[in-house]
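Before I ask anything, here is the structure I am working with.
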Amino acid sequence: MRSEVISVRTGARASVVDITEEAAAFASGLGDGLLHIFVPHATAGLAIIETGAGSDEDLLASLSDLLPADDRWRHRHGSPGHGRDHVIPAFISPSVTVPVLGGHIALGTWQALCLVDPNGDNPNRQVRFSFISD
Amino acid sequence: MRSEVISVRTGARASVVDITEEAAAFASGLGDGLLHIFVPHATAGLAIIETGAGSDEDLLASLSDLLPADDRWRHRHGSPGHGRDHVIPAFISPSVTVPVLGGHIALGTWQALCLVDPNGDNPNRQVRFSFISD
Amino acid sequence: MRSEVISVRTGARASVVDITEEAAAFASGLGDGLLHIFVPHATAGLAIIETGAGSDEDLLASLSDLLPADDRWRHRHGSPGHGRDHVIPAFISPSVTVPVLGGHIALGTWQALCLVDPNGDNPNRQVRFSFISD
(Lines give C-alpha, C1' and ligand atoms only; values in the text may rest on other atoms or scores of the structure.)
Protein backbone atom coordinates (compact mmCIF):
# COMPACT_ATOMS: atom_id res chain seq x y z
CA MET A 1 0.00 0.00 0.00
CA ARG A 2 1.31 3.42 -0.89
CA SER A 3 0.83 5.78 2.06
CA GLU A 4 2.04 9.30 2.69
CA VAL A 5 1.49 12.10 5.18
CA ILE A 6 1.22 15.74 4.15
CA SER A 7 1.16 18.85 6.33
CA VAL A 8 -1.66 21.35 5.97
CA ARG A 9 -1.71 24.84 7.45
CA THR A 10 -5.19 25.52 8.82
CA GLY A 11 -4.32 28.68 10.75
CA ALA A 12 -5.45 30.17 14.04
CA ARG A 13 -9.19 30.27 13.28
CA ALA A 14 -11.78 27.64 12.42
CA SER A 15 -11.27 26.79 8.76
CA VAL A 16 -12.17 24.58 5.82
CA VAL A 17 -9.09 23.93 3.70
CA ASP A 18 -9.43 22.52 0.18
CA ILE A 19 -6.88 19.68 -0.23
CA THR A 20 -8.19 18.33 -3.54
CA GLU A 21 -5.00 19.26 -5.39
CA GLU A 22 -2.83 17.47 -2.85
CA ALA A 23 -4.99 14.36 -3.13
CA ALA A 24 -4.89 14.51 -6.93
CA ALA A 25 -1.10 14.83 -6.89
CA PHE A 26 -0.78 11.80 -4.61
CA ALA A 27 -3.07 9.65 -6.80
CA SER A 28 -1.53 10.78 -10.08
CA GLY A 29 -0.21 7.83 -12.06
CA LEU A 30 -1.48 5.22 -9.60
CA GLY A 31 -4.03 3.57 -11.89
CA ASP A 32 -7.37 2.25 -10.57
CA GLY A 33 -8.07 1.87 -6.87
CA LEU A 34 -9.34 3.55 -3.75
CA LEU A 35 -7.80 6.60 -2.13
CA HIS A 36 -8.29 6.67 1.61
CA ILE A 37 -7.84 10.00 3.34
CA PHE A 38 -7.35 10.13 7.10
CA VAL A 39 -6.76 12.91 9.62
CA PRO A 40 -4.86 11.66 12.71
CA HIS A 41 -6.26 14.40 14.97
CA ALA A 42 -9.09 14.34 17.52
CA THR A 43 -10.42 17.81 16.63
CA ALA A 44 -10.63 17.81 12.83
CA GLY A 45 -12.54 15.99 10.11
CA LEU A 46 -12.90 15.61 6.36
CA ALA A 47 -15.77 16.72 4.15
CA ILE A 48 -16.47 16.55 0.45
CA ILE A 49 -18.31 19.76 -0.44
CA GLU A 50 -18.24 22.54 -3.01
CA THR A 51 -15.77 25.30 -2.23
CA GLY A 52 -15.57 28.87 -3.51
CA ALA A 53 -19.30 29.66 -3.38
CA GLY A 54 -19.81 30.15 0.36
CA SER A 55 -20.50 26.57 1.45
CA ASP A 56 -17.27 26.33 3.40
CA GLU A 57 -18.34 29.31 5.54
CA ASP A 58 -21.87 27.88 5.70
CA LEU A 59 -20.50 24.63 7.09
CA LEU A 60 -18.53 26.42 9.82
CA ALA A 61 -21.61 28.49 10.70
CA SER A 62 -23.74 25.31 10.92
CA LEU A 63 -21.20 23.70 13.22
CA SER A 64 -21.29 26.80 15.45
CA ASP A 65 -25.09 26.64 15.58
CA LEU A 66 -25.40 22.91 16.16
CA LEU A 67 -22.37 22.39 18.41
CA PRO A 68 -21.77 25.80 20.02
CA ALA A 69 -18.46 26.78 21.63
CA ASP A 70 -20.09 27.52 24.99
CA ASP A 71 -19.77 26.10 28.51
CA ARG A 72 -21.97 22.99 28.09
CA TRP A 73 -19.09 20.58 27.45
CA ARG A 74 -17.68 18.16 29.98
CA HIS A 75 -14.35 18.17 28.15
CA ARG A 76 -12.65 21.23 29.66
CA HIS A 77 -9.10 21.30 28.34
CA GLY A 78 -7.97 24.12 26.06
CA SER A 79 -9.81 27.33 25.11
CA PRO A 80 -13.36 28.01 26.38
CA GLY A 81 -15.87 25.96 24.39
CA HIS A 82 -13.10 23.76 22.96
CA GLY A 83 -15.03 20.67 24.11
CA ARG A 84 -17.19 21.00 21.02
CA ASP A 85 -14.12 20.56 18.79
CA HIS A 86 -13.84 17.04 20.23
CA VAL A 87 -17.43 16.17 19.31
CA ILE A 88 -17.24 17.44 15.73
CA PRO A 89 -15.26 14.41 14.38
CA ALA A 90 -18.18 12.16 15.36
CA PHE A 91 -20.24 14.07 12.80
CA ILE A 92 -17.52 15.14 10.33
CA SER A 93 -15.49 11.93 10.19
CA PRO A 94 -11.68 12.01 9.97
CA SER A 95 -11.89 9.17 7.42
CA VAL A 96 -13.15 9.29 3.84
CA THR A 97 -12.53 7.23 0.69
CA VAL A 98 -12.73 8.28 -2.96
CA PRO A 99 -12.42 6.21 -6.13
CA VAL A 100 -9.37 6.63 -8.35
CA LEU A 101 -9.64 5.79 -12.06
CA GLY A 102 -6.61 5.88 -14.32
CA GLY A 103 -4.72 7.89 -11.70
CA HIS A 104 -7.45 10.53 -11.44
CA ILE A 105 -9.62 10.97 -8.35
CA ALA A 106 -13.20 10.51 -9.53
CA LEU A 107 -14.84 13.46 -7.75
CA GLY A 108 -17.90 15.11 -9.26
CA THR A 109 -17.62 18.50 -10.95
CA TRP A 110 -18.52 20.52 -7.85
CA GLN A 111 -16.94 18.32 -5.22
CA ALA A 112 -13.78 19.26 -3.32
CA LEU A 113 -11.98 17.29 -0.63
CA CYS A 114 -11.72 19.49 2.47
CA LEU A 115 -10.03 19.39 5.83
CA VAL A 116 -12.46 20.81 8.40
CA ASP A 117 -10.62 22.24 11.38
CA PRO A 118 -12.75 24.03 13.98
CA ASN A 119 -9.81 24.28 16.35
CA GLY A 120 -7.73 27.45 16.11
CA ASP A 121 -5.30 26.18 18.72
CA ASN A 122 -3.64 23.76 16.25
CA PRO A 123 -2.62 25.80 13.19
CA ASN A 124 -0.79 22.89 11.52
CA ARG A 125 -2.34 19.54 10.73
CA GLN A 126 -1.39 16.27 9.13
CA VAL A 127 -3.38 14.30 6.56
CA ARG A 128 -2.55 10.74 5.51
CA PHE A 129 -3.25 9.54 1.97
CA SER A 130 -3.28 5.78 1.35
CA PHE A 131 -3.88 4.07 -1.98
CA ILE A 132 -5.01 0.52 -2.43
CA SER A 133 -5.68 -1.42 -5.62
CA ASP A 134 -6.52 -5.01 -6.50
CA MET B 1 -10.76 -2.78 -9.52
CA ARG B 2 -14.25 -3.33 -10.81
CA SER B 3 -16.10 0.00 -10.94
CA GLU B 4 -19.45 0.95 -12.40
CA VAL B 5 -21.82 3.91 -12.40
CA ILE B 6 -25.58 3.53 -12.10
CA SER B 7 -28.29 6.16 -12.53
CA VAL B 8 -30.85 6.70 -9.80
CA ARG B 9 -34.05 8.70 -10.17
CA THR B 10 -34.54 10.75 -7.01
CA GLY B 11 -37.35 12.97 -8.32
CA ALA B 12 -38.30 16.61 -7.83
CA ARG B 13 -38.57 16.53 -4.03
CA ALA B 14 -36.15 15.75 -1.22
CA SER B 15 -35.89 11.97 -1.06
CA VAL B 16 -34.19 8.93 0.42
CA VAL B 17 -33.86 6.20 -2.21
CA ASP B 18 -33.05 2.63 -1.21
CA ILE B 19 -30.29 1.34 -3.52
CA THR B 20 -29.51 -1.87 -1.62
CA GLU B 21 -30.69 -4.07 -4.49
CA GLU B 22 -28.49 -2.28 -6.99
CA ALA B 23 -25.48 -2.67 -4.67
CA ALA B 24 -26.25 -6.35 -4.13
CA ALA B 25 -26.51 -6.92 -7.87
CA PHE B 26 -23.15 -5.24 -8.46
CA ALA B 27 -21.42 -7.30 -5.73
CA SER B 28 -23.04 -10.59 -6.75
CA GLY B 29 -20.43 -13.21 -7.58
CA LEU B 30 -17.48 -11.00 -6.62
CA GLY B 31 -16.27 -13.04 -3.65
CA ASP B 32 -14.80 -11.38 -0.55
CA GLY B 33 -13.83 -7.73 -0.49
CA LEU B 34 -14.98 -4.20 0.17
CA LEU B 35 -17.70 -2.41 -1.76
CA HIS B 36 -17.17 1.32 -1.92
CA ILE B 37 -20.16 3.45 -2.80
CA PHE B 38 -19.68 7.03 -3.93
CA VAL B 39 -22.00 9.82 -5.06
CA PRO B 40 -20.24 12.27 -7.41
CA HIS B 41 -22.59 15.15 -6.54
CA ALA B 42 -22.15 18.12 -4.19
CA THR B 43 -25.73 18.05 -2.86
CA ALA B 44 -26.36 14.39 -2.02
CA GLY B 45 -25.04 11.79 0.42
CA LEU B 46 -25.28 8.15 1.43
CA ALA B 47 -26.77 6.69 4.59
CA ILE B 48 -27.22 3.18 5.92
CA ILE B 49 -30.56 3.16 7.75
CA GLU B 50 -33.73 1.09 8.00
CA THR B 51 -36.28 1.86 5.31
CA GLY B 52 -40.01 1.11 5.18
CA ALA B 53 -40.82 2.03 8.80
CA GLY B 54 -40.70 5.84 8.62
CA SER B 55 -37.00 6.46 9.29
CA ASP B 56 -36.40 7.75 5.77
CA GLU B 57 -38.99 10.48 6.33
CA ASP B 58 -37.62 11.03 9.85
CA LEU B 59 -34.17 11.63 8.39
CA LEU B 60 -35.46 14.22 5.91
CA ALA B 61 -37.40 15.94 8.72
CA SER B 62 -34.27 16.04 10.90
CA LEU B 63 -32.25 17.56 8.08
CA SER B 64 -34.95 20.22 7.64
CA ASP B 65 -34.83 21.00 11.37
CA LEU B 66 -31.06 21.04 11.74
CA LEU B 67 -30.14 22.60 8.40
CA PRO B 68 -33.24 24.59 7.38
CA ALA B 69 -33.90 25.72 3.81
CA ASP B 70 -34.09 29.39 4.80
CA ASP B 71 -32.12 32.54 3.92
CA ARG B 72 -29.17 32.02 6.29
CA TRP B 73 -26.85 30.53 3.68
CA ARG B 74 -24.02 32.35 1.95
CA HIS B 75 -24.28 29.99 -1.01
CA ARG B 76 -27.05 31.62 -3.04
CA HIS B 77 -27.29 29.72 -6.34
CA GLY B 78 -30.44 27.74 -7.18
CA SER B 79 -33.78 27.65 -5.33
CA PRO B 80 -34.29 29.62 -2.08
CA GLY B 81 -32.61 27.82 0.81
CA HIS B 82 -30.63 25.62 -1.59
CA GLY B 83 -27.42 26.58 0.26
CA ARG B 84 -28.28 24.01 2.90
CA ASP B 85 -28.16 21.24 0.28
CA HIS B 86 -24.45 22.02 -0.09
CA VAL B 87 -23.78 21.63 3.63
CA ILE B 88 -25.60 18.31 4.01
CA PRO B 89 -22.81 16.17 2.42
CA ALA B 90 -20.48 17.29 5.22
CA PHE B 91 -22.81 15.46 7.62
CA ILE B 92 -24.22 12.76 5.32
CA SER B 93 -21.06 11.76 3.48
CA PRO B 94 -21.11 10.88 -0.24
CA SER B 95 -18.73 7.99 0.53
CA VAL B 96 -19.45 4.75 2.37
CA THR B 97 -17.94 1.25 2.39
CA VAL B 98 -19.57 -2.09 3.18
CA PRO B 99 -18.04 -5.56 3.51
CA VAL B 100 -18.77 -8.19 0.85
CA LEU B 101 -18.56 -11.87 1.79
CA GLY B 102 -18.99 -14.59 -0.81
CA GLY B 103 -20.51 -12.07 -3.21
CA HIS B 104 -23.09 -10.90 -0.66
CA ILE B 105 -23.06 -7.45 0.92
CA ALA B 106 -22.85 -8.05 4.66
CA LEU B 107 -25.49 -5.57 5.85
CA GLY B 108 -27.41 -6.22 9.06
CA THR B 109 -31.02 -7.37 8.93
CA TRP B 110 -32.51 -3.88 9.19
CA GLN B 111 -29.89 -1.96 7.27
CA ALA B 112 -30.47 -0.52 3.81
CA LEU B 113 -28.06 1.47 1.66
CA CYS B 114 -29.72 4.77 0.78
CA LEU B 115 -29.06 7.73 -1.46
CA VAL B 116 -30.07 10.88 0.43
CA ASP B 117 -30.96 13.67 -1.97
CA PRO B 118 -32.35 16.85 -0.37
CA ASN B 119 -32.17 18.69 -3.67
CA GLY B 120 -35.32 18.59 -5.83
CA ASP B 121 -33.59 20.49 -8.62
CA ASN B 122 -31.59 17.42 -9.73
CA PRO B 123 -34.07 14.59 -10.29
CA ASN B 124 -31.46 12.18 -11.70
CA ARG B 125 -28.30 11.16 -9.87
CA GLN B 126 -25.32 8.92 -10.40
CA VAL B 127 -23.83 6.46 -7.93
CA ARG B 128 -20.47 4.73 -8.41
CA PHE B 129 -19.88 1.23 -7.07
CA SER B 130 -16.26 0.04 -6.76
CA PHE B 131 -15.13 -3.37 -5.53
CA ILE B 132 -11.72 -4.17 -4.18
CA SER B 133 -10.33 -7.45 -2.88
CA ASP B 134 -6.94 -8.70 -1.75
CA MET C 1 -9.73 -10.59 2.81
CA ARG C 2 -9.42 -11.29 6.50
CA SER C 3 -12.76 -10.56 8.20
CA GLU C 4 -13.99 -11.22 11.71
CA VAL C 5 -16.94 -10.33 13.92
CA ILE C 6 -16.57 -9.44 17.58
CA SER C 7 -19.26 -8.98 20.22
CA VAL C 8 -19.40 -5.79 22.25
CA ARG C 9 -21.47 -5.26 25.38
CA THR C 10 -22.99 -1.77 25.23
CA GLY C 11 -25.43 -2.20 28.11
CA ALA C 12 -28.94 -0.99 28.80
CA ARG C 13 -28.25 2.74 28.43
CA ALA C 14 -26.98 4.92 25.60
CA SER C 15 -23.23 4.44 25.48
CA VAL C 16 -19.96 5.09 23.69
CA VAL C 17 -17.69 2.04 23.93
CA ASP C 18 -14.00 2.30 23.10
CA ILE C 19 -13.07 -0.63 20.83
CA THR C 20 -9.58 0.57 19.89
CA GLU C 21 -7.89 -2.35 21.62
CA GLU C 22 -10.04 -4.89 19.81
CA ALA C 23 -9.24 -3.23 16.48
CA ALA C 24 -5.52 -3.14 17.30
CA ALA C 25 -5.57 -6.84 18.23
CA PHE C 26 -7.28 -7.72 14.94
CA ALA C 27 -4.78 -5.71 12.86
CA SER C 28 -1.74 -6.92 14.76
CA GLY C 29 0.76 -8.61 12.45
CA LEU C 30 -1.22 -7.87 9.29
CA GLY C 31 1.29 -5.51 7.68
CA ASP C 32 0.18 -2.49 5.61
CA GLY C 33 -3.40 -2.02 4.49
CA LEU C 34 -6.79 -0.63 5.37
CA LEU C 35 -8.89 -1.74 8.31
CA HIS C 36 -12.60 -1.39 7.65
CA ILE C 37 -14.88 -1.38 10.66
CA PHE C 38 -18.59 -2.00 10.22
CA VAL C 39 -21.56 -2.25 12.59
CA PRO C 40 -24.34 -4.45 11.16
CA HIS C 41 -27.08 -2.73 13.20
CA ALA C 42 -29.62 -0.07 12.24
CA THR C 43 -29.38 1.85 15.53
CA ALA C 44 -25.64 2.21 16.16
CA GLY C 45 -22.66 3.91 14.54
CA LEU C 46 -18.90 4.39 14.76
CA ALA C 47 -16.96 7.48 15.76
CA ILE C 48 -13.30 8.29 16.11
CA ILE C 49 -13.01 10.64 19.08
CA GLU C 50 -10.98 11.13 22.24
CA THR C 51 -12.20 9.08 25.20
CA GLY C 52 -11.57 9.50 28.91
CA ALA C 53 -11.88 13.31 29.05
CA GLY C 54 -15.66 13.72 28.80
CA SER C 55 -16.11 13.81 25.02
CA ASP C 56 -17.94 10.49 24.97
CA GLU C 57 -20.59 11.93 27.33
CA ASP C 58 -20.54 15.19 25.34
CA LEU C 59 -21.32 13.26 22.18
CA LEU C 60 -24.29 11.49 23.76
CA ALA C 61 -25.56 14.82 25.12
CA SER C 62 -25.25 16.40 21.64
CA LEU C 63 -27.19 13.55 20.09
CA SER C 64 -29.94 14.02 22.71
CA ASP C 65 -30.09 17.74 21.92
CA LEU C 66 -30.01 17.45 18.14
CA LEU C 67 -32.10 14.29 17.74
CA PRO C 68 -34.28 14.16 20.88
CA ALA C 69 -35.98 10.99 22.09
CA ASP C 70 -39.45 12.57 21.95
CA ASP C 71 -42.65 11.87 20.02
CA ARG C 72 -41.71 13.55 16.74
CA TRP C 73 -40.64 10.38 14.96
CA ARG C 74 -42.69 8.49 12.40
CA HIS C 75 -40.82 5.29 13.26
CA ARG C 76 -42.83 4.05 16.27
CA HIS C 77 -41.48 0.58 17.13
CA GLY C 78 -39.73 0.01 20.49
CA SER C 79 -39.38 2.38 23.46
CA PRO C 80 -40.81 5.94 23.31
CA GLY C 81 -38.52 8.18 21.25
CA HIS C 82 -36.69 5.15 19.81
CA GLY C 83 -37.30 6.53 16.29
CA ARG C 84 -34.34 8.85 16.78
CA ASP C 85 -32.04 5.83 17.23
CA HIS C 86 -32.81 4.95 13.62
CA VAL C 87 -31.82 8.38 12.33
CA ILE C 88 -28.51 8.55 14.22
CA PRO C 89 -26.62 6.16 11.84
CA ALA C 90 -27.23 8.65 9.01
CA PHE C 91 -25.07 11.11 10.97
CA ILE C 92 -22.80 8.69 12.86
CA SER C 93 -22.06 6.19 10.11
CA PRO C 94 -21.81 2.45 10.85
CA SER C 95 -18.80 2.30 8.47
CA VAL C 96 -15.32 3.72 9.00
CA THR C 97 -11.84 2.92 7.67
CA VAL C 98 -8.44 3.45 9.28
CA PRO C 99 -4.94 2.94 7.87
CA VAL C 100 -2.79 0.09 9.15
CA LEU C 101 1.01 0.37 8.93
CA GLY C 102 3.25 -2.52 9.91
CA GLY C 103 0.35 -4.17 11.71
CA HIS C 104 -0.43 -1.06 13.79
CA ILE C 105 -3.57 1.02 13.33
CA ALA C 106 -2.38 4.52 12.50
CA LEU C 107 -4.64 6.53 14.79
CA GLY C 108 -3.51 9.87 16.16
CA THR C 109 -2.43 10.20 19.79
CA TRP C 110 -5.85 11.27 21.08
CA GLN C 111 -8.03 9.25 18.74
CA ALA C 112 -10.03 6.23 19.84
CA LEU C 113 -12.31 4.03 17.75
CA CYS C 114 -15.74 3.99 19.40
CA LEU C 115 -19.01 2.17 19.00
CA VAL C 116 -21.82 4.68 19.53
CA ASP C 117 -24.99 2.96 20.71
CA PRO C 118 -27.89 5.26 21.66
CA ASN C 119 -30.23 2.29 21.96
CA GLY C 120 -30.53 0.73 25.43
CA ASP C 121 -32.85 -1.98 24.13
CA ASN C 122 -29.96 -3.89 22.48
CA PRO C 123 -27.30 -4.44 25.16
CA ASN C 124 -25.12 -6.65 22.92
CA ARG C 125 -23.75 -5.59 19.56
CA GLN C 126 -21.59 -6.99 16.81
CA VAL C 127 -18.75 -5.24 15.02
CA ARG C 128 -17.08 -6.58 11.87
CA PHE C 129 -13.39 -5.93 11.20
CA SER C 130 -12.10 -6.47 7.64
CA PHE C 131 -8.54 -6.00 6.46
CA ILE C 132 -7.48 -5.42 2.90
CA SER C 133 -4.01 -4.93 1.46
CA ASP C 134 -2.54 -4.62 -2.02
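Note that the chains take the letters A, B and C in the order they are written out, and that residue 1 is the start of every chain.
We adopt the following convention: a residue touches a chain if its C-beta (ideal position, glycine included) is under 8 Å from a C-beta of that chain, and two chains touch if they have at least 3 such contacts.
All values reported here derive from a predicted model rather than from experimental measurement.
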{"item": "Angular offset of subunit B relative to subunit C [C-alpha, multiple of 5 degrees]", "value": "120"}
{"item": "Same-site or different-site touching of subunit A by its copy subunit C, using the half cut", "value": "different"}
{"item": "Centre-to-centre distance between subunit C and subunit A (centres being mean Cα positions), rounded to whole Å", "value": "20"}
{"item": "Contacts with two or more other chains, residues of subunit C listed in rising order", "value": "34, 66, 91, 93, 97, 132-133"}
{"item": "Of subunit A, residues touching subunit C in the complex", "value": "1, 3, 34, 36, 38-42, 66-67, 72-77, 83-84, 86-87, 89-91, 93-95, 97, 128, 130, 132-133"}
{"item": "Residues on subunit B engaged by subunit C in the complex (per definition of touch)", "value": "32-34, 47-50, 53-55, 57-59, 61-62, 66, 91-93, 96-99, 101, 106-111, 116, 132-134"}
